[in-house]
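What follows are several structures.
Common to both upcoming complexes is subunit A, partnered first by subunit B, then by subunit C.
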Partner chain A sequence: MSEITLDPYVSRYATRARGMGASEIRALFAVASRPEVVSLAGGMPYTAALDYDAVAEVTDAVVREHGPSALQYGGGQGMPALRARLVEVMAAEETAAHPDDVVVTTGGQQALDLLGKLFCDPGDIVLAEGPSYVGALGAFSAYQARVLHVDMDADGLIPEAVEDRLTQVRAAGRTVKFLYTVPTHQNPAGVSLSVTRRLALAELARRHDLLVVEDNPYGLLDFKGEVRPSLRSLAPEHVVYVGTLSKIFSPGIRVGWLSAPGPIRDKLVLLKETADLCQSNLTQFVAERWLGTQPWQAQVAAFRELYRERCEAMLSEMAAELPSSCTWSVPTGGFFVWLRLPPALDAGEMLAKAIRARVAYVPGSAFHADGQGTGEVRLSFCLPPPERIREGVRRLAEVLREEVELVEAVYRGRG
Partner chain B sequence: MSEITLDPYVSRYATRARGMGASEIRALFAVASRPEVVSLAGGMPYTAALDYDAVAEVTDAVVREHGPSALQYGGGQGMPALRARLVEVMAAEETAAHPDDVVVTTGGQQALDLLGKLFCDPGDIVLAEGPSYVGALGAFSAYQARVLHVDMDADGLIPEAVEDRLTQVRAAGRTVKFLYTVPTHQNPAGVSLSVTRRLALAELARRHDLLVVEDNPYGLLDFKGEVRPSLRSLAPEHVVYVGTLSKIFSPGIRVGWLSAPGPIRDKLVLLKETADLCQSNLTQFVAERWLGTQPWQAQVAAFRELYRERCEAMLSEMAAELPSSCTWSVPTGGFFVWLRLPPALDAGEMLAKAIRARVAYVPGSAFHADGQGTGEVRLSFCLPPPERIREGVRRLAEVLREEVELVEAVYRGRG
Partner chain C sequence: MTYDVAVLAGGLSLERDVSLRSGRRVAEALGGLGHRVTQLDLDEHLVTTLSRGGFDVVFLTLHGRAGEDGTIQGLLELLEVPYTGPDSVASALAWDKSVMKGQWRRNGLPTPDWVRVTSTAVRDMGASAALDRVLARLGEPLVVKPGQGGAALGVRLVDSADDLARALIAAFSYHDVVLAERHVAGTEVAVSVVDGEALPPVEIVPKEGAYDFVARYTHGATEFFAPARLPAAALRRCQQVALDAYALAGCRHLTRADLIVDASGTPWLLELDTCPGMTETSLLPVAAQARGWSFEELCERVVGLAVAGPSG
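Moving on, here comes the complex of A and B:
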């Protein structure tokens, strides 16, 4: 495993692969990381778009003005000045927060891990969209929680379906620890929860005393610049909000955070200290100064436009090239398109063939805890430039046409 | 809890405090962090000693030459080039390793947390020196393992005592998951395991098939520049080695690592990905370049001399000022002196009084999982300059003299 540096999202998939061994999948994706392969698999933001003179200005000022502090240990909750800046980031999506409620974490992923550690006992139930973020499934299942999926459509999670699941599980005498959701530009489906449903979900959380974990990595990357009310803003006492700078600045600084009701926050600070003592002060200072001295909102607007263009390249090429029996989501923002394959195709089985055809994706089963999603695929448009995306879609279309022909031949043979 | 930024070591103590509530202890240490108090409590290295022109040179080159990669996600095992440098750091203590065996973690603390997560089920036993590192006790107990202490003396852990404990626990049908030890310049006791005992412990690990977790944050900070054979070098198949750059470069970059037998390493990489996807690439690049382009061994030698001088200031002032019924360890290196108070004194009860006298320490019970250590104290000499250390010891001596008088008066009253 040593010398292969996989996209961590892809790597997470490899550990959840069914059928194939994890090492086999890792080997496959190691091939997929070769330059001749168009990877529509990863979830890596296009960090090359940042202004590196500005970044260097920030890091230099941090080291020269705050060196001994930046290179020292910090507090378990995170740097107060940074927490105040993260509150400003939340304010850009009209979500009120106080620096006291914020805990800085190693990306959003550590927030999910700490929540799993705090809440999940073996056999507990966590509800989540189907499909859901692979890293969340991994974090909760590491504490032996069981994820039950709830249906979603083009308007996101269906509140009635949440209520049905909840009632059903509670009637069976089991405990639902929380609902995990990515309401905006969901990973992997690309869709956003409608405002009506946000209101319904907030009401449902209050009525059923249901804790909601709202994961919001992509919220600011809306292709129309639209802002939706966060669940945290609608039901603050029932929602733990998870944010990250990974998609609006840099994943390489590993600065995420959560904003939680007081008693939960206190416990999470203690768990954070147990997990790694404290966040890197150096990267916290860098994040604080980036947000405080650089035009970060203009940078977010530039990212938004860049990803919108890439998404459009992907969607238009899909419309032109994919077999007519394919359907897919139309992203409101974020990084991903969710593709449903023609009937009888298996995305996992098709992956090796796709990689031979020099295109990679993540099979849909990675995003389900229950073996569903075999006929589905996550395509990402965040990293490759538009022309490469189009080329990748054409290669995938070719593989799909061959597979469809094969399936039809088999059916004709049977008929 | 929000605005108080505690030394994370002290903060860990606060969460383990017995008798007083954690919030009470936090409040006490918040007072202790005022500038008029000499803190002999924390474990923060003297980062002000670094050359910040050199650090700025490193960060600037990283951002300008590797910006898009440094600000991107990395692989779960850590940057291959950094892992190769960490192998060089281990070589400076004559411990052979291969970059493939190394997993980069968020300080040594995360390595301990991941080991707890991998090995510890509720009720499992972990053996450790008594006293032992407070962060390790927290990490293992978070997975509901029970720590049993093993006696140590001026030559470190006593191998016969390890064997007795092991036999005893196994005879009772319980599982010992591993022995956790800081063999060199131990935190908190300041002593080092003798070479003879290292050989005996390695032999014991092989004979009893006992896994050893060797935590080595202070190894290179030997006051005489002495190098001792690591347990990992003596019994590689039975030892997981935990290292960190926190004490020889910077804790603010949060770069630690572990070096483990292959099957354990593979599982730890997966757990690392679940915990936070990957290490900060920015701080990994900084660490790699620091080790690769700067005279890091000269810096370590400078730190060694600086801490030796501070340790000597502490020891000579203790000899001159403390009541004759006190005894203490003589550190071979590292950051800490372990002080045994005169009979009938309780370090926890005395803490508020000490802080009123403007000196802080960590009571010994923090370093025991079983309530022992009430008559003991950890004193650190890493952060304050020598004159402040002397002043702190004088203040502590004054408190101790008063306490001893009080105890004697009580005994006289009884007699």
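Moving on, here comes the complex of A and C:
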């Protein structure tokens, strides 16, 4: 008799890594990446819209003119010249910042990881919208933080609900380490925090000494070009701002950043150095040159128009095709529509059927830390062209009609 | 002898991810043995590729629909390209779980009682009014699984009428025919058969809960014992039942039978897999290891069987 252990390292893993493993949903997504399937699942920007000659020129010039330093280590906080450019990007949304307060990170995702590392001990409480960005939930849970969700509606996070949660947690003798929020064109709910609520939330942060992590990947992608005041601009001492070039230039160059109050920034620089010494100098140079020499704002305007058109294709097809018992958010920017399924339908259980019908989405439960969201779905309109989006929605509608019929039949007999 | 081998993996089935992992591993092993290996995915040019490719043999590591239901096997028979695993008829038979179970029962092989539920019966004939009878007949808990497909996708353990309704809806997501099956408590065992020889039975012990998708494909989530920790007589019975199932379906080259051995030592047949997984966490490679074959030897042996032809 012999015992066979396929993972001889299993007893060595830290507690935080033990829950990580294979997932049925992730396996299903392996099919979703095939060209036959219309994927309304991923949140990948349409990088094919970029001017590749311009990108090539920029990259070429960087290597020729700055080769030795572009291929060298850099400082932990990021290139000063790039930080100055990132401050200009923030200024496009009327958010003041100083290059000294900026820390460059490997995409916005590393910023979230560093914040989890900085603030979260096992069991610590973090507040987040329900639903919330799945990558943030993953980053915080890797540090064994416990995410408590706060209700939102068509105007975004409800400040009274934040206050209720805070009071509850504090009454139980616990502290909330921070509130994580995507106030503008939220992922996945596709809604934006109203200006009134931004003011209320900033006031609440000051009154309750609440730290807010404001994640803003989609702020510049408002279909009408509307700019909303950032929380960072309203309560700078209580807000850590996370930005990224992923949605306005390229996710492939992995450039994100943090803008934080001084003491937090100092800690973040140290943590960044521990994590990977420094950001890639090569891509920092490319990003700096892109922002400094190319009409990046015109590119953002082009992205905006492209996504507006795709969103419109999705919404009009949904209105024409989906069962009347479905409801959904109407985005004014960003990448996502949040769909509520007819009663008793389970988006996770239905995913296999959808993929068999050659359409993919992300089940709503992925965006909740507490198992909620089973009757909801995130649809993204960023990557496929409008005709494919329409085709995908038609396929989804057919799956939904069948599923509604089936679920009714199963429960009808059960009385 | 070295050969030109096409390893076929991927496809559009819901087990695509598992299949790619199997295929990659087999391709590496065969390449290491000096064979000229080409990895192929399923696409609309496949027939042309295979016709022109000059392959001596196709190694199938496709799991799920089209790869395991006899489709690709039938195509390869038409193209007269030798391939690994059971032929198109045996594959189609084993692929349909309720047909296969019916054959086992008719031929006296032990398989847990089951009820076949189709979405047509539920939608058009009011079959959900009879769900209480399903519970009454099979008892609780019971297992609900799609009538086709593997990797435990869509499989649920049910212990109430409400659970049964939910589990049926989930399983119908994978296939329009669903099996509700009596749950047999006991030791989970897999018996692989290679060229008519039953390998040592492998005992499966998930560390938490059931041997579901997560337990199957997460390194270290499941412990295996090979041979299974059962009395010698029970081990022999497991091997005999696996060989009977192999013969009954008319299989060749390699299969894997999934069984549960109850307290009395009876091995109950659950499924016959005609294209067993070859990933790092799969059962056939574990059994081969217990038999004293490395993964490379296993792959080499299977290629040899396929090249030798139908009579080999």
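Convention: the second predicted complex is superposed on the first by the 390 of 415 C-alpha atoms of A that agree within 3 Å, B and C clash if a C-alpha of one lies under 4 Å from a C-alpha of the other, contacts with A are read in each partner's own complex, and residues count from 1 in each chain.
The definition used in the following text is that a residue touches a chain if its C-beta (ideal position, glycine included) is under 8 Å from a C-beta of that chain, and two chains touch if they have at least 3 such contacts.
Owing to the predicted nature of the structure, the values given are computational and were not obtained by experimental measurement.
Q: Using the touch definition from the top, say if A:Gly225 reaches subunit B (first), subunit C (second), both or neither.
A: It touches nothing on subunit B or subunit C.
Q: Which partner does A:Gln77 reach: the first (subunit B), the second (subunit C), both, or neither?
A: Only subunit B is touched by A:Gln77; subunit C is not.
Q: Go through the superposed model and pick first if A:Pro343 touches only subunit B, second if only subunit C, both, or neither.
A: Neither partner.
Q: Count the residues of subunit A touched by subunit B and by subunit C, then name the partner with the higher count.
A: Counting contacted residues of subunit A, the larger count belongs to B.
Q: Just checking: does A:Val407 make contact with subunit B only, subunit C only, both, or neither of them? Give me first, second, both or neither.
A: In the superposition, A:Val407 contacts subunit C only.
Q: Looking at the overlay, what does A:Lys353 touch: subunit B (first), subunit C (second), both, or neither?
A: second
Q: Check the residue A:Pro295 against both partner chains and state whether it touches subunit B (first), subunit C (second), both, or neither.
A: neither
Q: Given the touch rule stated above, what does A:Leu28 touch, subunit B (first), subunit C (second), both, or neither?
A: The second partner, subunit C, only.
Q: Quick check for you: in the superposed arrangement, does A:Gly123 touch first (subunit B), second (subunit C), both or neither?
A: After superposition on chain A, A:Gly123 lies in contact with neither partner.
Q: Subunit A residues touched by both subunit B and subunit C?
A: 1-7, 9
Q: In the complex, go through subunit C and note every residue touching subunit A.
A: For this pair, the touching residues of subunit C are 12-18, 20, 119, 122-123, 126-131, 151, 153-154, 161-162, 165-166, 168-170, 172-174, 202, 212-214, 216-227, 229, 280-281, 286, 289-290.
Q: Can you check the complex and tell me which residues of subunit A touch subunit C?
A: 1-7, 9-10, 21-24, 26-28, 30-31, 34, 36, 346, 349-353, 355-356, 403, 405-407, 409-414
Q: So in the complex, which bits of subunit B are touching subunit A?
A: 1-9, 11-12, 15, 44-45, 47-48, 50, 52, 55-56, 59-60, 62-64, 67-77, 79-80, 99-100, 105-107, 109-110, 113, 117, 135, 138-139, 142, 246, 249-254, 266, 269-271, 273-283, 286
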